[in-house]
Structures are given as structure tokens and as C-alpha cells.
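After this come two complexes, each holding subunit A, first together with subunit B and then together with subunit C.
Now for the complex of A and B:
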């Protein structure tokens, strides 16, 4: 039983973390909300007064809005499909008995620790460069015309780079989940003559469903916000401008803070919708 | 792992897994190899794999030309400083939540998590403006604060899950024996909590080291860490593959090594204890 004194001590110990996070959340949030209703152009006159919902309407009706939404969806969904599908297969493979499992695990996880600016630049130059990149060498070796990856097929190229970065994350979490699977159940099914595919569909996949949901939710939140990978490869050109990159450009490049802030509010709402689902799962887990 | 498998299946598993593992690791390996080539060898056609004259020249060039040491020092200060500051604030909070839980503990934890979900780009300008007003733009102190704040929810969460595994009975026994709160924390909790705190530090250091939104947008010259140093290579300049590789290798090597040690804790830290 906690005493009254220890309760107030506990509250005191929590206070710095709570107050700091509250400030970190509320102050910029209120400022963004405020700016989103102002005509605010720091380099062209500053704060020019109340704008009502103009910024919100203009952000959505601008010609770059829908392409940005489309690009964002393509990148997020593309990376999710690739990382989850390959992640499941890879996790199953890594769970099998083999020699040097620990080393393979380390090789597979490594890309996750590579700084995003490094992985983007390494892929851009050493692999996707249309003249000197490794892919160009490979294409020429097979007698094909090298591809200008980051200009002709820019969005798929970015999906590839980002998938490479996030595949380890998906694999690692799915592997952890698979290892908690009761192997007796699998053995029983094997004895009863259930074919591989059926064992996968009826035993492994249902067991993984929760882990897959978590991977999808966490990755979605991070993928909606990818920045460095676009910043150093295409700078938003060639149809790779995502919603967050569009907001970044409005705010810092064209210095239209009102418009950018309205976009920011949209982004916050979007992220919160995803976050609610994630919180439910995490919250349930706290109860037991 | 008690399942009996035929040796043939084990051979197939092993070769397939190694093949895929090496394929995934290849871009990193290629970067490391290229960093030891000369610029001409780096773009040689057909590409040279191991049969080139190994040289350390690029490392020298990179260090000399771009004041690499300062970027490295900034990265260490920002990642290290934010980790230590975060721990100072998070340890008491996580401790009280784990050992003196109240009805609201769960709500507070979930709320903390929700602050982590706030898209950075949505609050970019306010932070930018506040930084200018407070003279924090392009300062290490400013970045230490921001990195600490964005990772604070993860630190609190990880510590909370570790602390909760410490059996309360031990604390009660100590209390019965007349240990004061100070002795309790110093002699019983701290030794038991050190492994958890160490893994939390490691993961947080990695996350702060690799963060590339705030570090790119809030720094220019003075406080720019390695993320910005690498980003400065984004505009090509003649032959630069070998130099880029050397710079990249230096930026990722320490973290790769730390990451390999923390892979177990990674799952806990990144899924908020939801996958075990």
C-alpha cells in the first residue's frame, strides 16, 4: 500500500517529464493553429491579419495538394506491402534451424542503424546513378539501357530505399513474435499432414496478426513523416513530393507560414487517426 | 528449437538465409569497400570488388576538407547530451509510475506516447520561430533539448517496462529491515535497474544520432551534426564516390556496432512493450 506521502512524492517525480512534454506538445500546437488562421508571410510583410479558413481551403485546392496525397499514399502503402510481406517470409526463414543464425540476424538488422541521409545518398549515387551506379553497370552487363532511377522512376526508387531501411524493423518484430509461437502446435499440424501453405495460413498468420498490426501502425506514423530520404535525393521533384514535404516547402522554402500551418494541422489530424488505433493496442497490453 | 530437421533442409535454410542476409547487407558492405578505393577505382567498369589497391587516402581527405571532427563532436554532444538529460528527467518519472502506480498512470503513459506521434513538420515553424527568439537556432543546446523531448516518451516507456519487472517484494523486505528511501534507491533499485537503463541509453543514443529532420532544419554551421555533414554531399561534385563512402562509413560505424549490441532491446523500445 502506498502512503499519502509516497503518492505526493511520486507526483513530484513525474512532474518534470509531464510538464516538459505538455509544453512541447501544447505550445507549438497552439502556435500552428494560430498561424493557420493568419495570413502570415515573414518575408513579404509579416502577419497580415486574420484569414479565416482561407489557408485551409487554399491548401486543399492548390494544384500540388492531390498529387502530394497520392504520392504519400503510394509511398506509405508500397513500403508497407514490401516490408510486411518480405518481413513475414524472412522472419519465418530466420526462425528455422540453421548455421550462423546470429550472424545472419545481424546482417539483416544492419540497415536500420544507418543514418537516413547516408542510406539515401549511398543508394542515390553508388547504386542508382545512371552512369556510374552499380545498377547501371549491371544493366549494361546484360545489354540493357541504364535507367535514370531518381528522375524516371523516382517514386518507386524512393519506395525501394525506404523499404530497405524499414525491412529490418518489420523482420525483427515479426521474428520476436514468431519465436513466441508454440512449436508443438505446428508439429501437431505437421504430423496430421497439413501442407506448408495451410500451416502458414491457419497457424502462423493468425499468431502474427497482432505483431503485423503493430508494425503497420508504427511504420505508418514514421513513413508519413519521411523527410531526409526525399530531401537529399530528389528534393521533392519528379513527383516525389509527399504531404509532409509539401508542408516543409510551404513553410521554409516559400515562407508562407499561414498556408503551411494549415497543412500542418491536416498532417497532425492524419497522424492522430493512425495513432488512436496504435494506442488502443498498446493500452490493452498495459492492462495485463 | 527442438524440432528435428533433416540435414538437407538445414543446408537449404542456411544457404538461403545467408544469401538474403548478404544481399540486404550488401549496400553497407559496398560503401565500406568503396571507402578504401581511389576515386578512379570507385567508378571503374566493371566494378572492382576486392581486387583494388586499398588506400586510406579518402579518410584523410574527408577529415581535412570538411572539419569532420567538429561534426562528429556535435553528433556526440547532441546524442549524448540529450540521452543523459532525458534519463535525468525520465528515471524518477518511470520509477514513480512503476512503483507507485495510480489510476491515471496508464493514461499518462499513453498520453506521453501520443506526443511522439505528433508529425514534426506540423510544428516546424513554431519551433523554428521559438528557436530564433530564444537564440537557440544552430546551437547545440537547442538541439539537445529538442532531441531530449522527442525521445523522452520512448525513454520513459522503456524504463517503465524494465522497472516493472523488478519484484516489489524486494523493496518491501528492504523497508521492513528499516532501509530509508535513499538507501532503497541507491543499494537495491539502482543495481537492479542498471541493465535496463543501459539499454535505454543505447537505443536513445542511436535514435538521436540518426535523427534527420530537426538536425537538418535547425542547424546551419555551428551545431550541425553528422546527418548534416552527409547531406552536404547531396550535390555531386566531380568524382566523389570514394569520399562519400569514407564519410558515410565514419558516420555509421559507431552506431552499427552499438546497434548490434542493442538488437534485443530494440523490439521493446520501438513497440512500447507491445511485442515480447
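Now for the complex of A and C:
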């Protein structure tokens, strides 16, 4: 695409896609911004006029705002820690030559293909049900009192479900990274007197650092928006109300579109702060 | 100190025996080169000595002590890999210091040794750079630096020059030879390039399919090859091997004559042929002669220049005292 003519032709041909994508993004964004400044209560009189910054003030001063932010962070950080740590270990394990490697790898990736709603329901009904769940049977087998997972330890349970979904993604990316490690480097380190743990710390982990940042970046963006897992398990009860769930409740349960939109704008700002922050780390990491 | 002894060492991968029982002694301070065509087991042999592969049977002794079951780090050997295997996320300084850090040496001693190695190998200018920012030759030096700071009993080189361009290869060859003169440490060097073997080695070990074909000094191998394989492998251009009636005249199954031991004339001589390609190097001329009735092609080497064109008639006379004779099994006669 060197000549002027081919460049302008390319621009012309890309234009429809770009305009469509831009519209797709801009229309909801502008509508959200517009509603966030309106008193809009669909079942209690509809659009009741200009509200100024009332919605923004009400959203952050509500007693459920800070707990929601905290829950969001706990879930995101918890899932990230679990998936990255287990992902590295699983990747190392899957990198070892073994019988049935191909099948095992596909099985490991499988959870990623299960829809979030489905996997959350499976976990809720088959594993975590305090009467008939597998965990309850296991607990009773050892003579312990079954745990009511989704009411007593609701947040950790959700972290567990979401980690199970995202572990394959982390494992897959880390596995490809590990496979690109030059085996002579490990042998050189072995000759240099580095035992297994040291080889992991000084050779394998630095080699994986780039892949780990990518996993963290991509997962954070998706994890900030998890919804289905909470909706079908606890419905936001027992301290599992995240920011995105709070917005959903404001709009649909309280029927207050203006307030929910203001929350949506906060979520956009939060996601962008995280994204900029992560982009800088990744940029730094990718330069080396 | 660094005397290495292999006693009845074998190596099998599954059912395939790549190293049949093998005995070899490498004396302290010797520069030994393992040479052979690719797949002859020379790299495997080096990795067995290094401890990166377990031997299937037999013993390895380093300085008279059994090292068969020692882990690589405990053998006191340092290795330079073909790909250099530098740690990409560490600076040159940290790369070189890595084995010392793993040995839990104190920082002052580490700094002293790293600076010493940097001086010897002229690394000072780029000591704080990452390997990715260095050229091939510089990386090679860093890899050697990482090996020498450990003050090992012996150095192991696995085709270290094969990734360098021709000019750099000649330079590094000299540097490694000089390093050996200065350090007087045992070195084992694996290569498929017989020129590297001839120029650097105190002792050459010629391998084929895991078997040692001959062990000796470069000139011993050149003058008295034990069999046809060694005769054909050592020397450049290759020795001409001639079978048939001409060999029978000398009472051998095969006779061999090196290209440089053949006199050339345009008018008379023992053998007659047609010039194929003449390679003029200036100092020497290699002439590939066809239609001699002896072999597909006979190569001769003459110093200086000769006016020989494609298709010219040419006469060759071998220097009979430099003739090598081999029996039907390929072994040397006399």
C-alpha cells in the first residue's frame, strides 16, 4: 500500500466499517451521558427533566457505592492472583512431555468454551448446593457440616467460579510463552549451578513476564464487567454486589435510569483509569 | 586441574544406541576437538560429559574422581552453547555474574571476577547492555565470559562458531586458541568443520556413528590416517580415493592421494584427464579433473597460478612417497 491512490482507496473501503463501529460505540455512550443528567423514572412519570449532577452525587453518596467498589476490586484481584499462579503451574505441567498431551490440553481449555451463565449454574447447583451439591456430599463424607457456599462465603465462591472460567485462558497464553523458551537457556542455567527453583525464578518467570502482563490486562478488562455469574448465583446478595451489578439494580430494580447511567459513567472512567495504568506497564514490558 | 576419562561409556535413546562402548582420556590442559559429520554423536558425547544427558552405562571420571552420577553444576565444567544461551532479561554483567551468584559468592569477589573477565574479553564497553543489543561476536564473547568466571576444570564448546559469519569465525577461532594458551585449562570443542579442528586442536577425536575412528594430533591425522574415513574427512580439499586397477598396481584395495601431493603438467605425466572447473584463489589453484579413468573426479592443488581452462588436457603425477594405501576393509596398509 505504497501509492497515494491505493492509500485513499484503502481508506474509502475501510470507512463503512469504521463508521459503523464508531456509531455502535458512540450512540450508547452519548445516550448514557444524556440520561445521566436527566431525572428519568420509567414507571414513575418517565422523563422528569434536567437533573444536573444530582444523579452523580446520589450514586457515590449511596451507602452501597463503596462496598460495591470494594467487592469489584476483591473479585478482580482475587481472580487475577488465582488464574496467574495456577496458570503458570499448569502451563509448566502441560509443557512436560506426556502421554495423551493433545487430549489433555483440549480438556484444560474446555471451561473457556462454557457460557458464563451455564458454568455459574452448574457450579451453583451441582457443586455448591448445600443439600445436594458434590461439595456437600464430600463434606458429609468426612463428617463435616456442609458449607452454604453462596450465602456464607459468597464472594470467595464467586471468585472460584470466575477463576475456573478464566484459568484456561491464562494457561493457554502462558503455555505458548513457555514453549518459546530456548531449552539451551535452561541447560546453561543448570550448568551454572542453578537448582530447579532458581531456574524457575531467574529464567522461566522473567521469560513469562510479558505473557503475564498480557493476561492481567485482558482479564482485568473483562473481569470488571462480570455480571452473569453474580446474577444467577447470589443476585447481588451476601456482599457480592459489584459496581456493574449495582448499576443493573439501579436501572432495572429501582427503575431509575438516570441514576444507573451516572453509575455507568463512573464505571467507564474507572475502566479507563485501569486501562491506561495497565497500558503503561505493558508498554514498558513490551519495550524490553 | 581437568583430566577427563571416559570408561566404556554408552548412550542409548530408546532402542537406538548412539554411543557404543567408548573409552577416551582427555589430559589436563589439552585442547581436544571432537569432529565428525553431523549425527555422528559428537554433541551427545559432549552433553554426556557435561551431565546434561545421563549415560546408559559406563563411568566418567573427572580428575580421577567418579562423576558419573554428579549433577552438571557439581562437575566443575563450564559450557558454551551453539545459541550462546545468554539470559535475555539480564545485562551482560548479570549474565556473567549469574554462575557466581548461584554459587553464593560474596559481591566483592563477584565484581572482581566479572571485571577480570570483561577485561580479558574486551567486554567493558557493553557490560551494561542486554544480549539483544549485541552482535553475534559480542554475544559469543559474553558466553565465553560467563564460562571463564567460574574458573572451571574444563571448558566445553558446542559448535560455538557455527552461527557467525566467515570473517568473524576466523577471528573468534584465534581468540579461543589464545584464551587456551593463556588459561592452560582443558578444553573440549565440538565441530563439524575440519578446518577448525586442524587449526585449534592439540588432539583431534574423529567420530563416526558414535565410534571413535582415530585419536591423534592434527598432523598425525593428516599424515597417517588410520582408515579411509579419516583420510577423506581430514584435509581440504578432500583426499582423492582411487579404487580398481590403479590401486591393484600398488597392492591395495584403495589408494589415496592428497590434492597437494600431485604434480601437474600440461604435456606429460602418469595420469591423463580433462580439466573441469579450475578454482583460482590467487595463492593456490584447485583443479577438478575429469575423465581420468580413476575416479569420478580427481582434485589437485597447486601453489601459484596455472593457465588451465575448462576442457584442456592435463597430466597428473602423484608423489608416490605420499601415497596412502588402504585394504578392502578400509584400514591403512603399512
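In the analysis below, the second predicted complex is superposed on the first by the 275 of 288 C-alpha atoms of A that agree within 3 Å, B and C clash if a C-alpha of one lies under 4 Å from a C-alpha of the other, contacts with A are read in each partner's own complex, and residues count from 1 in each chain.
The rule we apply is simple: contacts are C-beta pairs under 8 Å (C-beta built on N, C-alpha and C of every residue); 3 or more make two chains touch, one makes a residue touch a chain.
Everything numeric here is computed off the predicted structure, so don't read it as measured data.
Participant: Does the subunit A-based superposition show subunit B and subunit C clashing or fitting?
Facilitator: fit
Participant: Check whether subunit B or subunit C contacts more residues of subunit A in the superposed model.
Facilitator: B
Participant: Considering only touches as defined above, state whether A:187 meets subunit B (first), subunit C (second), both or neither.
Facilitator: A:187 contacts both subunit B and subunit C.
Participant: Could you tell me if A:260 is touching subunit B, subunit C, both of them or neither one (first, second, both, neither)?
Facilitator: first
Participant: In the superposed arrangement, does A:198 touch subunit B (first), subunit C (second), both or neither?
Facilitator: Touch partner of A:198: subunit C, not subunit B.
Participant: Students often get this wrong, so check: with C-alpha centres, what angle lies at subunit A between subunit B and subunit C, to the nearest 10 degrees?
Facilitator: Vertex subunit A, arms to subunit B and subunit C: 80 degrees.
Participant: For A:134, is the partner it touches subunit B (first), subunit C (second), both, or none of the two (neither)?
Facilitator: First partner only.
Participant: Taking the superposition as given, does A:207 touch the first partner, subunit B, the second, subunit C, both, or neither?
Facilitator: It touches subunit C, and subunit B stays clear.
Participant: In the overlaid three-chain picture, find the nearest pair of C-alpha atoms across subunit B and subunit C and give that distance in Å.
Facilitator: After superposing on chain A, subunit B and subunit C come no closer than 6 Å at C-alpha.
Participant: So subunit A touches subunit B in one structure and subunit C in the other; where do those two contact lists coincide?
Facilitator: In subunit A, positions 187 sit in both the subunit B and subunit C interfaces.
Participant: In the complex of these two chains, what residues of subunit C are touching subunit A?
Facilitator: Residues of subunit C touching subunit A: 50, 52, 71-73, 77-79, 81-83, 85-90, 98-99, 102-103, 130, 146, 150.
Participant: Can you check the complex and tell me which residues of subunit A touch subunit B?
Facilitator: It comes out as residues 2, 6-7, 9-11, 13-14, 16-18, 20-21, 24-25, 27-29, 31-32, 35, 90, 93-94, 96-101, 103-119, 121-127, 132, 134, 137, 140-141, 164, 167-169, 172-173, 176-177, 180, 183, 187, 210-211, 214, 218, 221, 224-225, 227-228, 231-233, 244, 247-248, 251-252, 257, 260-261, 264-265, 267-268, 270-272, 274-275, 278-279, 281-283, 285-287.
Participant: If we count contacts the way the header does, which residues on subunit B are in touch with subunit A in the complex?
Facilitator: Listed in rising order, the residues of subunit B that touch subunit A are 1-3, 5, 9-10, 13-14, 16-18, 20-22, 24-25, 27-28, 30-31, 34, 43, 45-47, 89-90, 92-93, 95-97, 99-100, 102, 106, 108-110, 112-115, 117-130, 149, 152-153, 156, 206, 209-210, 212-213, 216-217, 226-228, 230-231, 233-234, 236, 240-241, 244-245, 248, 251-252, 255-256, 258-260, 263, 266-267, 270-276.
Participant: Once bound in the complex, which stretches of subunit A touch subunit C?
Facilitator: Answer in residue numbers: 182, 184-185, 187-195, 198, 202-203, 206-207, 209, 288.
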